[in-house]
Structures are given as C-alpha cells and as structure tokens.
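Data block below; observations after.
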C-alpha cells in the first residue's frame, strides 16, 4: 500500500527555496526530450544536456520540453536559472509530496498535478507527480519517471492530428492536462470493477479476507480523492481567463477538462458511498451467519441436554429405584424422551428457529 | 444492477472532439422524427436520412428533430457539420457516461439530462442519457433508445393542447425537460413503495434476504441522486435568463421544473435517511433475535448442567457410597434436583430472562 | 405511518397548469368562509358558492377568504379565473405533495406551507398542506380539511383584539403563518415527551419493542424537518421587503415568525441528535445484557463440565479400577470436585466475571 | 436531566406581543437593583418598585438596572411602557425558551443570551436565560433568578477598577456578556473533567453504568452547543459596528468576547468528537470481553465434551465389552483422554485462543 | 494524554486585560535573546533584563526579541507598556489556552500559533503556544519553553544564508511561521508511521490493546486538527496584503506557508478517514474471530452432544434392556455413533462451517 505520509523531515529547517528531492528515485537517469513545432514545421529530439533546451526559449514556435526524472537537482536548478523561475517553484518540482496546485507568476504559470496509474506487478494504484510550466511559447513538463501517458499527444503533434499544431502553448498544456485526467477514468474503471467484484462476494458469502480488500479499496479511494479534489480548483482558476497566457479559444477545452474532473469526483464519491455501505453489509452478513450457527447450537443443545439428564437419572446406582426393575420401564422412558424431543422441535419450528 | 463505472478506456488518448460511442447499443437503427409547427400549421414525419432535417434549419416555424439511438456516429457528425455545432458537443452526445450539464454557445444551448425508467423485465431502474440542443427556432433531442416519455408532448403538439403550439422553441425544450423530470416522480414512487415494503419486513421479522434488497435500494438511490443533483444547477442556469434564446414568459415554467427537481432531491434525501436507518434497525432486530436464542440456550443449559452433574455423582461406581443404599436416597435426590431447578427458574424470572 | 411518497403518476404527461387533485380527499364538501373587516366594520359569513367571494375583490376593506377542502377542482378553477391567478398556482394548490415555497407575482404572492397536527385517534403526526395568496387587500387561504388552527385569529378579528383590525392584509397573512408555526411547537412538545419517555426505557431496560418506537420517532422527525426547513427560506424572502404588498411595519413581526422557525429547526436538530444517539444506547444496552447472559452460561458451564467429566470417569465400568474400591475414594473425589469448583469460582471472581 | 422541549402550548393562539411567562418560576420575588455611575460619581440601590427606575432614564450617567426574576409579568409590562419597548421584546423576555438572538431597534438593542451554571445539588448543568437591553445611557438586564455571575462587575464599578467607570453603557453591556461567556469556560472545564474521568474507565474496564454517563454527557454537550452556537452570530452582529450605540473603542473588546465564543465552540466540538468516539470504544471493549468469555467457554467445552463422551462409552452397560475387562483398560483410556486433552490445548495455543 | 480542557476558572470574574498566566510553568526562568541585523551588520545577545530590549525599538535595523517562558507576568507587562501594546494582547500571550488567531492593530500585528512537538520521554504529542508580534522593524516572539525550532533561523541570520538578512521584519515573521508549520510535517510523519503500524496489526491479528492505541491516535489527530485548522485563516489574512507591515515581495512566501498548511490539513483529514475506518476493521476482525470460535464450539458440541446422549441411554440401569445383552450390541452402537458423527461432519462441510 502507498505510504500514508512521505518523509519530509530532511527538509525541515532549511531556508525556503532550497531544492531537496523528496520521494523515491524512480528513473535511473533524467531524460530530456524537446518537441518544437508550429503549423508548418516540426522537430523532435532527445537532449543530452539541459543546455540544449535554452536556445528554444525565444523562438516563436511552440516548444515542449519534457523532463522524466526529477531527482537530479542540478538539472532543475540550471533550467530554473536560465528561465528565471522563482526558487519556490523549483523546490516544489523536486518535492513529490505536493497537493495539485497552480501559481500564476504573470510571465509563466506553474501547475502541479497527480498522475495515477495501475502497477500491474504489484496490482496496486500508484501516484506520480507531474509539474507543468506554461510560458508564452513554451511548456515544460516534469515527470517522476518515464511514462506513456503523453505519447498520444506526441503522436498527434508529429502527425498533425486535430487542432494541436494550429494552436499555441496554452492548447498544448490543455492537452497534457486532458491526457492526465483521461487517465483517471482508467483507474476508476479498474476500481469500479474491483468494487463490483467484492460486492458480489460480500453479499453472497462474506469471508474475512474480503475485509482486507475493502480496506484497501477504501484507502485507494481516499488517495484518489485527495489527488482529484484540488484539481477542480486548479482548472477553474486556469479557465477563469485572468491570465493573458491562455487564449479565449482554449477556454471551451479547459471547461471540458473541468467537466471531466467533476465527473471523476462524482464517481469517486459514488464509489466511496458504495464501499462504505459494503462494510455494513459485511457486518450484517457475518452476524446473519453467526445467528444461523447459534441457532443450530441452541437447537441441538436444548433438545439433548434435558434428554441426557434423564439418562443420567436412570444411570444412577441407587439400590431402591423401583422403575428400573419394571419390565416396561425402559420402553416408557425411551418413548418419553422421544415425545420431549418432538415437542421441543415443534416449539422451535413455531419460533421460526428451524 | 447497473454498472458502477462505464468503460471509457477506448477513448483515452484520442484528441478532443473525436466522436466515439460510449455505452451499450440500445437501439437497432437510428430513428429520426421531425415535428414542425407553429400556431397555424403542423407537420410530422419520420426521416429516412439525416439530410431531410437540414431544410428545416432556416424555417421560421419551430422544428423538433428527435433522434433515437446515438451509436451511428456518422449521423451525428453530419448533423453537427450542417448545424455548425462545436465538436466537443458531438463527442458528448455519443458518450453516454456524462453528468447532466449545460453549455451555452450563444447561438445554441446544449443540455445533457438523465432519463430514468423502470425496466419491468429485470425489475430494475435503468438510466438513459438524453441530449438536447436549443437553437433559435429548433430543438434537437437525442435519446439512447426509442422511449415513450416524449409521446405526450407529441400528442399535445398534434392536437394543439395547452400553450405549446403558441409558444416557441424555448417552451418546447421546457416541455421536454418537464416530461423527463415528471418521470422521476414515477421512479421515486416505485422506490418509495419498495422501501415501505422492506421497512415492514425488517421491523417485524428481519431475514438475511432483506439485506440484499436494502443494499440494492441504497445503490439505486445513490444513482438517482447522482442523476438529479446536477440537474438543479442546469435548470437554474437556464432560468437565470442570461440567454436570449429563452423568453421571459418561459421563466415561470422553468421555475416550476426547478421546484420539481428540488422536490425530487428532497424526497431522495428523505428516502436515503430512511434506508440508512433501516440497516441499523435490521442489525438491532437481528441482535434482538440473537439475544432471545441465547437466553433460551442459557436457561436450558444452566438449569440442566448442574442437575446432570448430580446424576453423574450417583452414577459413579464407588463401592463405598452409603447414600445409594438408603431407601429414601433416590426420592431425596430427585426432590433436591427439582428444588434446584425451581430456584434457578425463579432466579431467571427475577432477572427478566424468562 | 405517513406514506413516504405520494402518488403523482396520474399527473405525469399532462400539460403544465392542468389542475389535478393529488392527495386524499379529507373534507366531504368544500367549505368557503368570508371574513371582511377594517378598523370600523366587520362581516363574517359562509358562502354557498365561490361566486359570493368575487364582489369583495375590489372593496378597500381587508377580505379573508378561507377554503376548506381542495378536491373540488372546479371551485379552484373558477376562483383562479376571476382573480386572474397563474394556472401553475392553481395546479399547486390542488396538489398536496408540494414543498413549502413562495412565488411572487408582483400583484399577489403565493405561499405554500405545511400544517402539522397530532391525530389523537391514530396517535400519529399528520401533515396538511395550506396555500395562502396575499393580494393588495385580500388573503385567500386553502386547507385540505376544516381545522381549528385559524379559529383564534377569527376570534381576534371578531373581537378586535390586538393590532389585527388596524393593520392590512399583510398583517393578516403574517397572523395565519404565525398560527401555523406556533402549532409546530405543540408537535415538538409531543415528540419531545415521547423521546424522553423512550429514553428512560432504553437506558434502564431496553426491549425490542422500543426499536419500533425509535424508528417511528426518527421518521416523524425526518418529516417534520422536511416541512420546516424550506419554511425558513419562504419567510426570509417575505421579510426581505422586496414586495410592495408587505408594509415595513409588518417586518418586525415576520422577523419574529422567522425566529420561531429557526427555533423549531434547532429543536428538531437537537431531537434528531438525541434519537440517533438512542439507537447506539439501545444496541449497547442490548449487548450489555447479552454479555451478562453469556457470563452466566459460561460460569455454569465451565464449572460443571469438568466436574461432570470426573463423575463420568468413575461411572465407567472397567473391572480394574482400584480407586473405586477404596473406602475413602468417594469422599476424596467429592472433596476434589468441591476444590476444583471453588478454585474456578475464585478465578472468575478475579477476572471480574462474577 | 433538563427537559428536551419546554411547554409553550399555553401561548399558542394568543396574539403576538401577549406577555406570557414560559419556564419555571425560579425566584420568589422580583428583585430590582439600580447601579448608576460615571467616572466621578457612583450610586447603588435596591428598588422597591419598578417606578424608582424611571427617573434615571434621562440622566446622562450610565444606569444599569438589573431585574432578577421575570415571572411577574406586570413589572415587565410597566417597564416596557415607560421605556417604549416593542411588545415582541417584552414577550421574549418572559419566555425562557428562546434562542440567543439580537434585535436592533435603532434606539435600543435587545439581546438574549443563555447563562449556564452547574447545580451542585443535582450535579447537573442548568440553563438560565438572560435578556439585555442597551440604550444610549442605560443597560437593563433580566435574569431568571438571582445569580452571582454579575457580582464581579458590580465590584469593579463600585471600586472603579479597570476601564468600566470611564466607559459608557456599551462597555457595560460588553462586560456583562463577557462575564456570561467566561462562565462557559467553567462549565467546559467541568465537562472536560467528567469526560476524561469516564474515558479512563471505558478504556480500562467498561461497565454498563458508563453508558448512562456517556449519554448524559452527550446530551449536555448538545445543549451547550445549542446555547453557544447562535451566540457567535449575536456578537458578530454587535461588533460589525453598524449601531451608533456601540463606540468604536469597544469593538476590540467585543472581538475578544467573540474569540472566546469561538474557542468555547471549538472545545465543545472537540469534546463531542471525543465522546462520540467513546461509545465506539465502549462497544469495542465490551465485544473484547465477550470474546474473552466466549473463548474460555469454548476451550473448556471443546476439551471436555469429547472426553466426557469417552467416559460415557465405558459407562455403558453392554455385557459384551471386552475392553472393560482388560487389566490395562482403565489406565489406557485415562492416558488416551490425557493425550486428547493435550493435543487440543496445543491446537488452541496455535490458534492463539489461549 | 493532553488535558482536554485547560483550567481557566482562576481568570473568571477579572476585568479584561488582567494578565494571568494560564497553563503549566514549563521554563524555570524567562530567557530573553535579542538578534539585531540588517544586510551589513549582525548582533546577538542574551538580555538579563527586559529593559535591554527597549533601545532597539527605534533602530532602523531588524530586531528579533525572543522570550522563552511566559509565566513571569511582570516581564510581559513591562514590555507591553514600553511598546504600547493593547492590554488584551498581553492577556492572550500569558494565557496558553488560545486558538491560533491574528489581530491587526495597524502599527503592529499580533499572531498566536500552536507549536507541536513529540516528547520522546512520554512518547506523546505535546502542544506549545507561540505568540508573535510584528512591528515596523521588529519581531517579538514568545514561547512557553526554550525550544530548538527557531535555531535554524538563528543560524541562517548568523551566517547570512538565503534572503533573510536582505529582507525586513515581515520576512522574519514569515520564516518563524514557516519553521513552525514545517515542524507539523514531522508530527504528521510520526503519526502516519504509527497509524500504518497499527493498521497492519489490526488487519492481521487484532488485539484489545490496539483499541487504546487507536483511541489515542484519534485524539492526537483531533488536537492536531484543532491547532492547524484556524492557522489557515490566520495566514490567509496575513497574505491578503491589507497591512502595510507586509511587503508585497513577501506575499509569495506567505502563499507557500499557506499551501503547506493546506497540505497538513489535507493529510490530517486523510489520516482521520483512515483511523475511523480502522475501528470498523477492528470490530469486523474481532467479530470474524468470534465467528470462528463459535463455529468450533458449535461443531464440537453438536457432534458430541447427541453421541453422549446415546452413551447415556446405554448407561441406564434398567433391568430389562434386551440390546445390552446382545453380543453385537456394543459394536453396533459404536458403529452407529461413528456414522452419526460422519454425517454431521459432512453436513457442516456442506454448510461451509468447516
């Protein structure tokens, strides 16, 4: 299961703007890719050093610099100095325990998002942090590790599909955010399937092992919610149209991502509702089974305990017990016990215990 | 039970505005009907091809195009191109996993609603998505399958009942929304009956099978709520009167639908409150029965276990047991056991266990 | 118990403004009473036909028309036509399943309230709908059945007590609303008594029958809340002073009703809090009793089961059992069993089970 | 325990402004004290009749009239007439079932507060209502019974301690409210102690009697909350500085009382959180003990029942039972039973039941 | 565990502005340290008397006076008089039971925060109150005891690291608040670890001792939340930029602390969610184990009770029992009992009880 709280203590006491990597080192080496395009031309390359990115800064074309791996603090620092980013931003980029947030520095907008994906090996939901910086004609994206979520966008740029080559950097950043939010739907689908799966089991035949699964799903939903909830605000600030970096024509698209985010939230809340009901159902089912077992025990015990008592009486060794010498003593006692048994069975039948 | 989450993964990675059908194919063939009217004239026909609708676009009369079945993506695309709708709208129309929402594009307003109906075959609540587009003199409605909810409106137009033929497209769209919201009351009635039904059972004689019903009703209410809640906002935006497509005289009617929506919400919340209380009642009742059973067991066992112990003593085969040779030994022991039994019964009576 | 949801399905599909009576027919015949007054004069009569009311429409005196019974749709229709009321209002008056609401039509204000009363025969809370229309110099009130809540106001008008004869129609409508809200306090008193009653029982000696009472009280509170909650908004709209039909001097009185409504809500919430705590107390008490019973069973069983086992040993018929031939065998075994019993009793005492 | 709902039914049906005393008569006789002061002079006396207060009305000095006991309706009425107070105010003063509220009548401000105190005899929290009226140069305070909360203020005025003699009537009313709010801290301290007390007990060794205490504390907190919550609004309205009766220099003090109120609320919420957790802990602890008891029973029963069965076999009187004639039969069976017992004990040890 | 409510009763009845120390005396002696600096110069000393601080008041350099220990009321009073602070502030500084709050007195801003730290000796979270006063060129900080949280800032000033020596008093107060908030992350890490720790235990093998730990963690989170929640408002007021004491360039830093506070809140809520789910899991697991135990008991008892009954029958001493004289009687009965046992075992297997 993901850690509830990430280690931040090594950062405590340092002056603000100190760039300390928080989180696991996910990528071996930082990988820098540059995509530069406008409607007519397109260029894509992998940079060996961060310095290769700097010439693109003032080109009128849209430049998308993607950096996979944020543990090499030096690279981030160099980039920050060249682009003149506020030190607090650089601190946030390398600290992977941030809430989704947005900061508008007039010349550029800084966005932090959470990317969710399902790790098939561990069969677990994992969270990556993605930082995006939108400038006048560039977008810089930072990921914790190399992922495939942005591949479809790269494809679209390469092959000039849709609006993307015609539009500016603001449309590109929209496309990146849209790709991330779209990915949430896959996670939700996965969780939804798991919940339906456990739901069937819990209702028909609850087992203690279900509990652990329910707890894990509940925890996943708490984390999912924590990632998505602040996203709403981030996109709504973007879309409010106060920044000159966002063209008005992009607004309808941002509104679309916003709607998707709301829908994700909505579904997360629904799933939470259902999973919280599930624990009640589990407990009720378990108590039903308990009842059934108790009834069985009670019926057997209350029928046989009095009968055994009777056999005990006639097992006593008193010398003066006239009944035991009667010829019909034994059959009469057997019959008596049978009658007592039947009467009790009828009583239980009446009480609806059987 | 309805799927918790619909499959959307096949859409992930596609550029925005790509029209992909999400949901089950409910109708065999797309059915297009055109109703064209004003106060004096009325025309109704079934179109064989979407092209038949286009001539009505610029007619001053009110045109209502109803499309049953949204899985034929081409039809939607062609319509969109001719009417010049934004691609994101077309994407939403064919994606049946949308929240109720409204988008105002100045020239036209786009609305998504959820239509609820009870499938008598499956004895289950089902959800259909309805998309509505209101233009200056036309309304286009999209349904997942051919339904009978709009029939009464068609009837009213045909026979010129009420205000509908005198009013414009905005009144028509109000009438369609009103028909959908009115339908919610039927669902709520149905759910209310089911809840009262299960309520009686749970209080008088709870059974494990009730649990499954309670869980299903709770789930239905969650889905109902999810469909109705955003509707409030949709209608309140419509009614705010910012669009020139809505005449002021229609406002009082929209306010009426709004009130109905609030009332539906209100009732849904009440039902949720009651059903959540029901599980507590179920658990309490079950624990009551458990108590009763346990008491029975305890009374029988605690009375007879000591008595059986006594019979055990006199069943021992020690050679030197003076009591067993006494003439009155047997009757005295029997009497002693009787007295012990009576004393215990009185004790239980005092403790209110019997 | 009151129906959770009222049958509305017979209205579905009809055009808006169609006047269909929803609810039970409570009164046999519609009863129309007219009270007409100003500071100097006073007139009171029962009208045989609704037409008798119309001449009062333009008189400068304050006219109060009270209509008991709304199932005779024709009367409502005729009245509506003469006074020129919007059809949607008439629809609402005869539909007894409305939320409390207010609609301002400039010339008149339309208000729906819920009247609550305790039916002593059924020992149940019942809900009636009251509709009020305030015009420049008239108030029209509609009730489901003839009630006695407005009698005190009639008395005050008749005998010229307090401000009522000096003030206008707006003060009259305030007086009517005040009478209805005051009535809530009686209901709350009744519920409060019942809750205190059940509270004592649940804490001292919980019985399964308490559950049903708790559930019923919870349900009553849900309904009460549903009736009162929207009232707050209704009165706050009235009091906001935007309508020219409400004089400023009436405002302080409306504020007073508003305060009463808040107080009712407050008490309802408190009662809800207490009743929801009660179920927990019930469950805890029940589990306490269960514990007590289990302890008794366990003590008896764990003491006597080993002892019975010992008697079983010496009840075996092996020919070679030296102990049973010893003279002191029997007393030693008896003593041994006594010691075992005492040791176990001490053990249970230590464990605080006894 | 305090009544959940106070009897108000005797007031229902009366015209507004009718002065009816609601609540218990707490004081024997109404006691009126007058304190009149400015920076230079100071006068204090007990008035025999309410008429003695009237001459102070127009004096420029600050006059504080304190009235203990509100059941003598005539006194309140006379005062109201002389000072020209609105009849609704007088109605509120004598009705002890009011929420804390504030009404601004421009010339005077009317405030209702709840005074809480611990009745040591009943070991219970009790609630008194205090009404305050602030005029240009006077404050009138009404209490249900003579209390000692205002003594410290009287002392401060008498001995000219702090700002009070230098400031006006607005500072006096602040001082009164501050005294009342300060008193809440004592109540909270008392409740806090009780909760910590019960907390220890519930965790270490839960007893059924704890339940009743928890329920009572929960109820006290509900009432405390109900008294304090609306106070926030009252003081925030006062402090908003819209009334000319409140000098700006008093604002910082009102802000201070406001902070105290928030702090009281905060603590009440914390205590509620903790007490609601306590019931869960109680239930869990109770179920733990149940578990322990059940385990004991199960271990004893499951070990001895099979063994007793074996003794039963060899207690049968069949003539042809070869084992019972063997010399080693008895020791072998005893050994066998010992082995079975040990194996089962090991099994339970493994299962962590022992 | 920390006291739920601190003793405040000794303050009740005193005039406002009376300086009374509330809380435990944590430091032996008040320790006063002065740090005075600007970009060029730096001075640090420990003052023997509060008077040593006064000369710095009008120096243009930034002066930071840190006072550890607030129980010596005289020192605070003298400082207050010299700096002309409002008496209510001084009252708040020495009262350690305050909510985090901010008060803007134009010439200076007064802030109260809660400092949290883990006491390793008691293995418990502890809360200290920190008061901060920001003037034009000075910051005064008050702590309950000497702590090490501000050491890193002292270090940064001493060694001129980062912006701090270049910036003004507003940046210094930001740095102090940032240090305090950063410290929360350590507390949260600690709590997170403890929760994960207990989570594992509860799911795999719940023990009654876990309950106490869960309760303690829940309580710690309630206290943490109470400390952090109002902080949000405090910082957001600071950051709103209404005070001339805060330079605009400091705003981006305040925004950063604000983000951290939100993140702390977020994590606290997540932890609360998880811990509240844990109690449910605990109860479910406990009921699972109960079920398991009950099943064992039921299986053993229901198999052996009937068998023991049979042995009882043939242990009776009736003279006329033909079966016991048969040669095959004994083996047949043994076989019969074996068959009954097997049938019952199969039955339980089918019922999934084994």
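So that you can tell them apart, the chains are marked A, B, C, D and E in the order they are listed, and the count of residues begins at 1 in each.
Keep this in mind: contacts are C-beta pairs under 8 Å (C-beta built on N, C-alpha and C of every residue); 3 or more make two chains touch, one makes a residue touch a chain.
What you see is a predicted model; the values in this text were computed from it and never measured.
Novice: Applying the touch definition from the top, give me the chains sitting in contact with each of subunit C and subunit D.
Specialist: Under the touch definition, subunit C and subunit D have no mutual neighbours whatsoever.
Novice: Count of steps on the shortest touching-chain route from subunit A to subunit C?
Specialist: 2
Novice: What is the Cα-based rotation angle between copies subunit A and subunit D, on a 0 to 180° scale and rounded to a multiple of 5?
Specialist: 145
Novice: Looking only at residue numbers at the subunit D/subunit E interface, is the share used by both copies over half or under half? Answer same or different.
Specialist: Mostly different residues: under half of the interface numbers shared.
Novice: Quick check: how many Å separate the C-alpha centres of subunit C and subunit E?
Specialist: Those two chain centres are 42 Å apart.
Novice: Just how far, in Å, is the C-alpha centre of subunit B from the one of subunit A?
Specialist: Centres of subunit A and subunit B (C-alpha means) sit 26 Å apart.
Novice: Which residue numbers or ranges of subunit D touch two or more of the other chains?
Specialist: 283, 287, 290, 294, 297, 301, 305, 308, 312, 315-317, 321
Novice: Mapping chain-to-chain touches, which pattern fits: line, ring, star, complete or other?
Specialist: ring
Novice: Applying the stated contact rule, could you write out the chains in ring order, opening with subunit D and then subunit E?
Specialist: Order of chains in the ring, subunit D then subunit E onward: D, E, A, B, C.
Novice: What residues of subunit A sit close enough to touch subunit E in their complex?
Specialist: 3-5, 7-9, 11-18, 86, 88, 97-99, 101, 103, 205, 208, 211-212, 215, 218-219, 222-223, 226, 279, 282-283, 286-287, 289-290, 293-294, 296-297, 300-301, 304-305, 307-308, 311-312, 314-317, 321, 323-330, 333-334
Novice: For a test of understanding, state which residues of subunit B touch subunit C in their complex under the given definition.
Specialist: 151-152, 156, 161-164, 175, 178-179, 182-183, 185-186, 188-189, 191-193, 195-196, 203, 252-253, 255-256, 259, 262-263, 266-267, 270-271, 273-274, 277, 280-281, 283-285, 287-288, 290-291, 294-295, 297-298, 301-302, 305-306, 308-309, 312-313, 315-321, 352-353
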